[in-house]
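I've put the structures underneath this note.
Two complexes come next, and they have one chain in common, chain A, joined by chain B in the first and chain C in the second.
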Partner chain A sequence: MIATGGHVAVVVGLAATLFAAAAFALAARGDDRGKAALGRRAMIAAFGLAALACIAMVTLLLTHDFSVRYVARNNATTTPPFYSVISLWAALEGSILFWTLLATGWAALVLHRYRDRAPTLMPWVGVTLALVAAFFFAVMAWPGDPFVRITPVGTEGNGPNALLQNHPFMGLHPPLLYLGYTGLAVPFAFGVAALVTRRTDEAWLVIVRRWTLVPWIFLTAGIVAGAWWSYAVLGWGGYWAWDPVENAALLPWLTATAFVHSSMVAERRGALRIWAHALVVATFVLTLVGTFLTRSGVVESVHSFTASAIGPWFAVAIVATLTGALVLLVWRLPDLRDTRPPGGTVSREAAFLFNNVLFLGITFAVLFGTLYPLIVDATSGERISVGAPWFNRVNAPIFVALLFLMGVGPALPWGGARWPTIRERFAFPSLASAALVIGGWAIGLREVAPLVALGLAAFVVTVMGDEVVRGAHARARSRGEDPPTAAWRLATRNRRRYGGYLVHTGVCVMAVAVAVSATLASDVTATLGPGESVRLGAYTVSYDSLVIEPLSDDPRVTETRAELTLSGPQSGSLAPALRDYPNSTTPIATPTVRTAIGEDLYVTLLAYDPANRSVTLHLFVNPLVVWIWVGGVIVALGAAFAVWPEPRRRPLPAAAGA
Partner chain B sequence: MSTRGGLLRWVAVPLLVVPVTWLLFTGLGRDPRDIPSPLVGKPLPAFAATTLEGEEFSSESLDGRPALVNVWASWCDPCVDEHPLLLAAARAYAGELSLVGIVYQDSPDGARGFLARYGDGGWPDLLDPSGRIAIDLGVTGPPETFFVDAAGIVRYRHVGPLTEEVLVEQLAVLGLDR
Partner chain C sequence: MSPAPPIDPPVPPRRSRWGVLLGIGVIAAVLAYLALSGMSNALVYYRTPTELLDLGESAIGQSVRLGGLVKPGSVHGPATDLTFVLTDGTNEVTVHSSVAPTTSFREGIGAVVEGEMTTAGVFEATQVIVKHDENYVAPSEGQLPSQVIDPGT
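So, the complex of A and B:
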């Protein structure tokens, strides 16, 4: 009954989105407000239907209804309620259902908020968003039906993917990522609308940058949460492996970030407009490619689900979107030429252009590395994989250049800079940077990556700090405010700029943390009998006993735990474990991480011998890892500060002479 | 923009669309789990275990005839899909083909229930409580099927549910093609 209801909701949802697309198309032709309102209501209804289908699926999962194939494959009678609920996105069909909910949610929100604004653009925005949502409903109506029944009905199900039921972060990382992915359809829709209606002026850019930044925040948070999950669960002591699906999330992030930058030049100076449009298109196509990689089983990864009939649908959708968007872009190319002459080579415009080129460079490198095994397999039939060292080697220099630009760009004036300005603005930051590098060397830092990161981070932060201090001083003097008030008012009067500075600060924090943790980590592997201990740096870990018992909240899972005592800068007991899930051949690691401001102690149980109770442990001391997460939070907060809606300015009363 | 440049810019469309289309569709024909097994071309690792009926079974008794070693579990839903194919192969090649099941991460009662429900072909199903056999075979998850020739050499490993096409093709490699 519930499953039938869910299926009906999907089919009606498909009808509603198709109806909405038709209504918006008619509204666009006749400039008809009434039809646009009809389309908007249909999209809100589609969101409600997607929500109903999600509720149906969650109910089926919570009641362990194994007559539904998705439930039989992703749930067991012993699955705890929390993991039953989040199993909604634990596998292919459920993910698409959840995805549809978010995509229709964004669409309904945007169409509702702009119901009285941008009347020329909105019908086309509506058509695009409705068609995107219709695609997802259609996938669920045909190849990826989440409510398919099976007979005969089993008494026990497969249980969720072991990796996905091992950590509560699975409740956070996918929704954040999906919110980012689905939200990026909004800028694409505005981009299409602007090109179709030839309203490629500054107005659409203002709307679109805001609606790129909001999903961008979720995408950033989703990527960082994913790295955190990988660190806390996979037990290899790292957080980023250049896994194809990690790359799939990074690719639209890179192009969206590039867009946020070029859109500023496009808005202020009428330049880089082709870049801005092309990046909006590329970002959306890459979110589809990301979904395709994750969901079709084309590449091997911890994330990919088994190959399925959904693949061809996505392939067709990607090709159709790419072709349509490219034709539109090429057709309107004459409209997108720069309206003003370009700036000099040492100008803020030039810095933004370099920024875009570098982001595109990383995008190509990551895309190439991700797809290279596919190309090799298709041409020679050989199976290869591209490892993390390749990605690191290719991308590290580009990231260094980006970090440098991050310091230079904001301090350069529009149009062009003269030598005295350059000297005045960069003398102090260069000194600060050199001082930090020398200081690092003096305390014994010899690795190149941390020294470079430290030097550049100092440069970027002082350039920004210098500007904030100067601005605050000037304001404090001219308005008689005290400096903190002046700084706050300065920031809230120009949220975009100072929010951006906060984002850049977060990136600097992350860059230093990544460079340090990647090069200065130490580790040791040891096999210990009961009572024996191992030392790593200042830490001593002694092994007390081995405990093998079923997990209390899911007795089908056996946990093997090494009980350890830690002494050193941190002390207490540790219990890294391996969990054996009935539906996974390899046991799932459950490492123990002790986090401190300076470094993490990370202990993972590699193997154990039940016969003589010996355990093999892998210990890592990972410096500054916690600052990667802190940096990620700063980035998200900075972007949120930048897009925070300004209070509507009250119209000035006629007698405002005070 | 000149007319020539105006027309030339359209070249960008196929230049991007054609390779992307090619890559996406060739990618689709590829199963990432289909990693060549290191066992292919090598003798099947020897194993001995107790069957569901409580009898002792050794892989040595497979010698001299082609064999299918099928790894399955009662909780494995795709195993249900492929089960009729195994039953059909056992019937079609009775006396020419040996079948052995390896019960993967499952209770004896669960496995018996599966056979009672979906049909028992009568071939031995081995219990593997320690997972030793599965580890020796390099199993990534059920279902998985190993095609072993009469000399005891693994000729093919199939990951995921068997299809009729794969079964017919690989049995032919083993010399069974009627």
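So, the complex of A and C:
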């Protein structure tokens, strides 16, 4: 009954989105407000229908209705309610259902918000968003139906994927990531609309930059949350492995970030406009590629869903989108010429251009490394994988160059800089940077990566700090405000710039943390009998006893726990465990992480011998890892500050924009 | 508002465009160099015991992921000095590992080991990965387990 209702909601949702697409297309042809309103209502209805289908699925999961295949495969009678609910996105079909909910939600929100503000663009935005949503409904109506029934009906289901029910973070990481992914259809729709209607002036850029940044915040938070999940759950002591699906999330993030930067040049200087359009298209296509890689079974990854029939659907969608967008772009190329001459080699425009080249460089490198095994497999039949060292080797220098530009860019004037300006702006930051590197050397830091990261971070932060102090000072003097008030007003009157600075600060924090944790971590593996202990750095871990018992909230799961006592800079008891889920042949690591400001102690139980009660432990001391998460939060907050709606006020004189 | 940076007279566009293009060229060249020069060392090949033995001497020192079944009765030694035989039904390779595999490692299970062949004819593993597929089917001859999950990812 409920399953049938869910299926009907999907089919009606498909009809509603197709109807919306037709209504918007007619509205675009006839400049007809009434038809546009009709299309908008149909999209809101599609959102409602997707919500109904999701509610149906969650109800089925919570009531353990094993007549539905998705429930039988991903739920068990003993699954705790929280994990039953989040199983909505734990496997292929459900994740597409959830995806559709978010995609139609964004579409309805944007179409509603901008209904009167961009009347020329909106019908085409509507057509694009409706077609994207229709595609996902169609996938659910045919190859990826989440409500398929099975007979005979079992009395017990398979239970959720063991890895996914082992940590509450699974409730956070996928929704954030999906909010980012699905939201990136919005800038694409505006890009298409601007090209079709030839309204390629600055107006669409203002809307699109905002609507790229909003999903960008979620995508960033989703990626960082994913790294955190990997660190907290997988038990290998790291957080990023250049896994194909991690890369799939990173790719649209890279192009979206590049767009956020080049759109500023396009808006302010009328340059890089082809870039801006191409990046919007590329970002959306890469979200589709990401979905394809994750859900078609073409790559082997911790994230891969089971191989399924939806692969060809996505392949066709990717090719169609790419072809259509390229034709549109080439067709409108004459409209996208730069309206002003380019700036000098040492100018802010050039810094933005180099920034974009570097971001595209990383994008190509990551895409190449991710797809290369597929190409080799298709051409020679050899099965290979590209190791993480390759990704690090190629990308580390680019990230270093990006950090450098992050410091240089904001301090360079538009148009071109002369030597005295350069000297005046960069003398102090260069000194600060050198001082920090020498300081790092003096306290015994010998690795290149942390020294470089530290020096560049100091450079970037000083350049920005210098700018903020100067600005606040000037404002305080001219308006008679006290300095903190002046700084706050300066920032809130110029959210984009100072939000951007906050984002850059977060990136600097992350860069230093990544460089330090990647090069200065230490680890040891030891097999201990009861009463024995192992040392790593200043820590001593002694093994007390082995406990094997069922988990209190899910008795089908057996937990094997090594009870340990920790002494050193941090002390107390630790209990890393392995959990045996009935539907998994491999026990799931449940590492213990002790976090301090300076370093994490990370202990994972590798193996145990029930006969002589010995355990094999892997201990890591990971310096500064917590600052990666802190940096991620700063980045998200900075971007949120930048897009925060400003109170309506009279437009300032044209000269005020800096 | 932030203080407007002093506006320098624009540099003539002609000269500047070359500077920018040169910059882009340098970035592209460095990237291409980094990407291509490191590629051959970074590739990890998936092989079956038959494929590995077919390579003979040339397999020595090459970074490989070897997949097969742990031959029943072949596992010897403690967890940190482990010897076992991986088979694909046709050929077998002796594997030595000084890193402990996870608890689910046992005879008859599908496993993938990462490491390299040594001159002694023993495969030295730096990582032992137990197949992580719930619906595991033993690989047929010359075929690899289709879904390998690397614990390092």
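Descriptive notes on the structure:
Going forward, the second predicted complex is superposed on the first by the 649 of 658 C-alpha atoms of A that agree within 3 Å, B and C clash if a C-alpha of one lies under 4 Å from a C-alpha of the other, contacts with A are read in each partner's own complex, and residues count from 1 in each chain.
Convention: contacts are C-beta pairs under 8 Å (C-beta built on N, C-alpha and C of every residue); 3 or more make two chains touch, one makes a residue touch a chain.
Not measured: the values here are computed from a predicted model.
Because the two structures share chain A, they can be overlaid on it, and in that overlay chain B clashes with chain C. Within the superposed three-chain model, A:Arg383 lies in touch with chain B and with chain C [touch as defined at top]. Once the two complexes are overlaid on the shared chain, A:Leu358 sits against chain C while remaining clear of chain B.
When the two complexes are overlaid on their common chain A, residue A:Val319 makes contact with chain B while staying clear of chain C. In the superposition on chain A, A:Gly344 contacts chain C only, with no contact to chain B.
Between chain B and chain C, C contacts the larger number of chain A residues. Contacts of A:Asn583 after superposition on the shared chain: both chain B and chain C are touched. By the touch criterion defined above, A:Gly311 lies against chain B but remains apart from chain C after alignment on the C-alpha atoms of chain A. Clashing C-alpha atoms with chain C after superposition occur in a single stretch of chain B, namely 39-47 (options considered: 39-47, 111-119 or 165-173).
Shared contact residues of chain A with chain B and chain C: 158, 300-301, 304, 383, 583-585. Looking at the complex, you find that chain A touches chain B at residues 69, 72-73, 76, 150, 152, 154, 156-159, 292, 296-301, 304, 306-307, 311-312, 315, 318-319, 322-323, 326-327, 330, 333-334, 337, 371, 374-375, 377-378, 383, 582-585. The residues of chain B lying in touch with chain A in their complex are 1, 6, 9-10, 12-13, 16-17, 20-28, 30-33, 35-36, 73-77, 105-106, 110, 117, 131, 134-135, 139-141, 160.
If you check the complex, the residues on chain A that touch chain C are 158, 230, 234-236, 238, 241, 243, 246, 300-302, 304, 341-347, 350, 353-354, 357-358, 361, 364-365, 368, 382-390, 393-394, 397-398, 401, 411-418, 421, 467, 470-471, 474, 490, 493-494, 497, 525, 527, 560, 578, 583-587, 606-609, 616, 652, 655-658. Residue ranges of chain C in contact with chain A, taken from their complex: 1-11, 13, 15-17, 19-20, 23-24, 27-28, 30-31, 34-35, 38-39, 41-47, 63, 65, 78-80, 99-105, 109, 130-134, 136, 144, 146-153.
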